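The structures considered in this document are given below.
In the two assemblies presented below, chain A is common to both, partnered first by chain B and then by chain C.
Our next item is the complex of A and B:
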């Protein structure tokens, strides 16, 4: 099989088997934070193809100003490794060095430093997010970057061992493509999510399936839905990761989707809430997973009132020719008491009677542990959310301080001693 | 009770199962349809009761700007409020008195 990703580039594979890693002895060890560790994994397996490492100055400038990598490939969000000048000096790092990145006390990847540079964080933030407002979480993240950036290729030498329930949903981009081939899917529509599914989400996926199936005959199913959850930085009040994965999969387990059209996986990525630019990044990510279509609804990847409801759809339309994935544009679903069903705002003319799915309302219902009506949430999904809140969320379906401090790690890395042996 | 006090509520979600219980005690008409068959029962709360609840349950918050309701009460407390409402056939402040009384007793 040919593993091709964004802009028809071969899916990046920068993972070296452990037997090749003896050369790490004596290398300078560079401990990295969670954000960087997750991106090292995503880069190495090819989720961010064609990137092979962290961006240099010119790449960041091209991406922020023109949404282009130096070879003209579309790219919308800078992928950078920030480090303070003090730490660089302390560790005696120079351009041309190869260092060993470590995470949670274990070796993780080699990093070939090709440039150490400064960048105007405020400019990077404003160009990427279209605002300087530090209330925007992406702007806040960018403004908090250290005063230097380090670029270069990474090579994962210690593959993460995912803990349950993550292990059963983890697939590399190549494994996604293999799985799609095994299922005889020739079209796959991606559903981006950070939520447990209510009936509105389920209906959106079903509507998108028909759009993605296009003119293919339906006697033998060739179109699938990939629910690809974003697993990364959590904020208080977000759904816990375990609930998201297990409840999304419950839609298939309980028969609301056929086994042969539905699959749940995840990508390690910290949401930047960059709205339209993040929508482009999601399109690129899912191209690298082998998806042919991608759902984009109202307020995709936005936050607060920083973007208009359909800004993401407009930008995707503008860059349609540079994407291999076809966007499926959707309006929101609502519950209509007149229609007596969950329906789409593009179709239903009972605007005044319509009842919107509100995240706040749903949160309040789940917080109370009251089983929602079938019109709101499938009973099996509700039970799954409640079970995972007990098992993984310390009694809450939502992220709490307690969860952040005590949650089980998503993955573990083999320790140095084991690796050397 | 002053008009101001009367505006503070604790919202208890009512699904089909809970609605059946409410019907049995003649309180079904007090539940207001909110979203796709989900209903809310508004339990009245005095200013003093609000302060006691917030002191007893530090995770709880009073939304003074929009809903004027006490949110994020522990699930078990919301369950007890619903049960007390059924037992007393009421949505008035005596429901919260009953729950606060039992909470204080259980903490003694």
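Our next item is the complex of A and C:
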């Protein structure tokens, strides 16, 4: 029964480390960009179970139109490998070929090309994001796809070696399950994040923890919170990756969560900001990590005003029966001066007095290196953010051009002789 | 489907207001003490569904030995009417008689005597309370029972008229269900109390609220908290009844709970301090009020060191399948200076810094009329307690001999001509 993921499919395991001498000698080498490399890794380890590779035409059509794969499995976002017709011709790629994907100058994975096809990017964008407005970053990403797509299974032959601080937070789906078993967690509630935690996030996690407990006497409660950060494409002004992981972990280190109920890990995934559809993908992803519950607050995975605050909750409700993970729906927390504490909008009646957490305000405070009030951010979290800023952010807690160019890589791939030829 | 209570039995309704001329003229009048009067009222309105009267010998035997009524219904505490052999003889009572119970000099209920029997009080006490130590107030009560018991159905013929502030919090089980329907509550989590609320109680209720929400989008969540106070036998040093009701209600009035998620009512019941068995009774009672969930924290309904902190949770778990109400099990809250807030023992890792709520300390502070820090008690709650102290407690927030003698009655019964004869 273990290692079963989304739709009760076995957790995909397409990781087959190979030595240079095996087979790959002489294969066509296909260098891939970061977006593709990250997804190859996530697919191979099973984060995106049951996907085994990049989608073909029918899969994309089913996913965008009906939110399902051809076998009926619920899926909300196309996972595609785009390539220009020019490059396909230049590299002489054909359906049926097996090629060697390389990244960072090292061999990474084999790729069995199944189909080379066209797809209407504008239609893909509109169906996935519910808008064709190019101000939506997911739409922009989709419209920028090259004019062809290549589908097929991937097999990771060279495992990424994560650099610190990522190494200590890296766990494959199977390693998540093993860690949960070791901690005797029978319920695990996932928290999606790409943020440094303010006290509103902390309260959300705590509220979800109560919601995720089954009706067991407290001595038998074994519920964990998995803080699973999304690490991937960065936009200017985002929190830097290192800061997100270290500051989330600090909440446990500093005792705001007990050691036995809290764990921080990450998934390599580029946010699409697809709101409701992305929330579904997050539910699927955390199912594959062995979580039993997933918290969804206000504006989950949205951007701008493209989605209403609780659209994600409505869509998840609609597909509830097709998910093995139980959604925990919550309203936002706010700091209420009358309550003198962080409280949830569903509970507190001091609407006029209460102060919503302003991400923008918090960012501007942190950008100046000023410590926010402890009502809003734990002092240990603030110190962690400042340390990361110095150590990893070139003096900034937020992504800058300088960071994008000069940051340490998240992982490295071992060089292999084969590419030197 | 509505008005179904414990074990899916219809909510008992044995209330039949009668005019003087009907039948009761000429019936033997049996004056009853407060304990019996309260239970007659609770039985007749259905708070104790499926009970329709006082238990007979076999019912007491089944309840004390196997925690079930003869038809297999789960029941944990004997509900008996004790009477001395002397009084039975003096009033010439026999099995098969129908008599008129009177209270406060007014007719109250008819009582169809079914069985007059003896029972070993010591055995009843030990099986019910798990101890024969007379320091246990439930044991003491049982050992003090008269030497005979009288069983039979009761019918309330004269409805109590509750005095303020009780009137505004009085609801029959059917009125609870109607009120929930009017508020569109689909989940209701019960909070058992005989306390003025400190911030730890408030946190417990809020935590349980999250636990009681089903996986509905927040716009559709209709979960209420029913604060159902136990009003009955008072011991010196208990909070006065008026203060409990008014200060619990103040949490909503002052906005710590939204109007649409919080309601205060009470049940006439004498605490037995039976710990686990009393917790089961509370679960049954709140099932009869239409609640779907019931919170159980540490030391539920216990006294002294007779029960372990989570014994009640263990027993409820064991009988989970026989209950229509879902228990929500919680650890205690404490004030943690490092977190700077009230937090739950299950979450916070600052064990050494954290400060348990001391009921004794809080009582001694209130006894001096000193306002506790707002971390421990909301200022509006404190002011309410002080007001009740003046208005109802003769200057004390706690039960004194003076209060017991001079308090306004909780309810009055209309006088009827029949008793004047």
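Following the convention adopted for this analysis, the second predicted complex is superposed on the first by the 411 of 421 C-alpha atoms of A that agree within 3 Å, B and C clash if a C-alpha of one lies under 4 Å from a C-alpha of the other, contacts with A are read in each partner's own complex, and residues count from 1 in each chain.
Assume contacts are C-beta pairs under 8 Å (C-beta built on N, C-alpha and C of every residue); 3 or more make two chains touch, one makes a residue touch a chain.
Bear in mind the structure is a predicted one, so any value in this text is a computation, not a measurement.
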{"item": "Touched partner set for A:372, first chain B, second chain C, both or neither", "value": "first"}
{"item": "Which superposed partner A:34 touches (first chain B, second chain C, both, neither)", "value": "neither"}
{"item": "Which of chain B and chain C A:361 touches, first, second, both or neither", "value": "first"}
{"item": "Touched partner set for A:339, first chain B, second chain C, both or neither", "value": "second"}
{"item": "Per-residue touch tally on chain A - higher for chain B or for chain C", "value": "C"}
{"item": "Partner chain(s) touched by A:257 [first = chain B, second = chain C, both, neither]", "value": "second"}
{"item": "Contacts of A:16 with chain B and chain C, given as first, second, both or neither", "value": "neither"}
{"item": "Chain C-contacting residues of chain A that also contact chain B", "value": "342, 375"}
{"item": "Chain A partner contacts - residues on chain C that touch it in the complex", "value": "206-211, 213, 215-221, 252, 255-259, 261, 310, 313-314, 316-317, 320, 326-331, 338-344, 346-350, 374-375"}
{"item": "Chain A - residues contacting chain B, complex", "value": "199, 335, 342, 355, 357-358, 361, 364-365, 367-373, 375-376"}
{"item": "Touching residues on chain B, where the partner in the complex is chain A", "value": "11-18, 34-38, 71-72, 75, 78-79"}
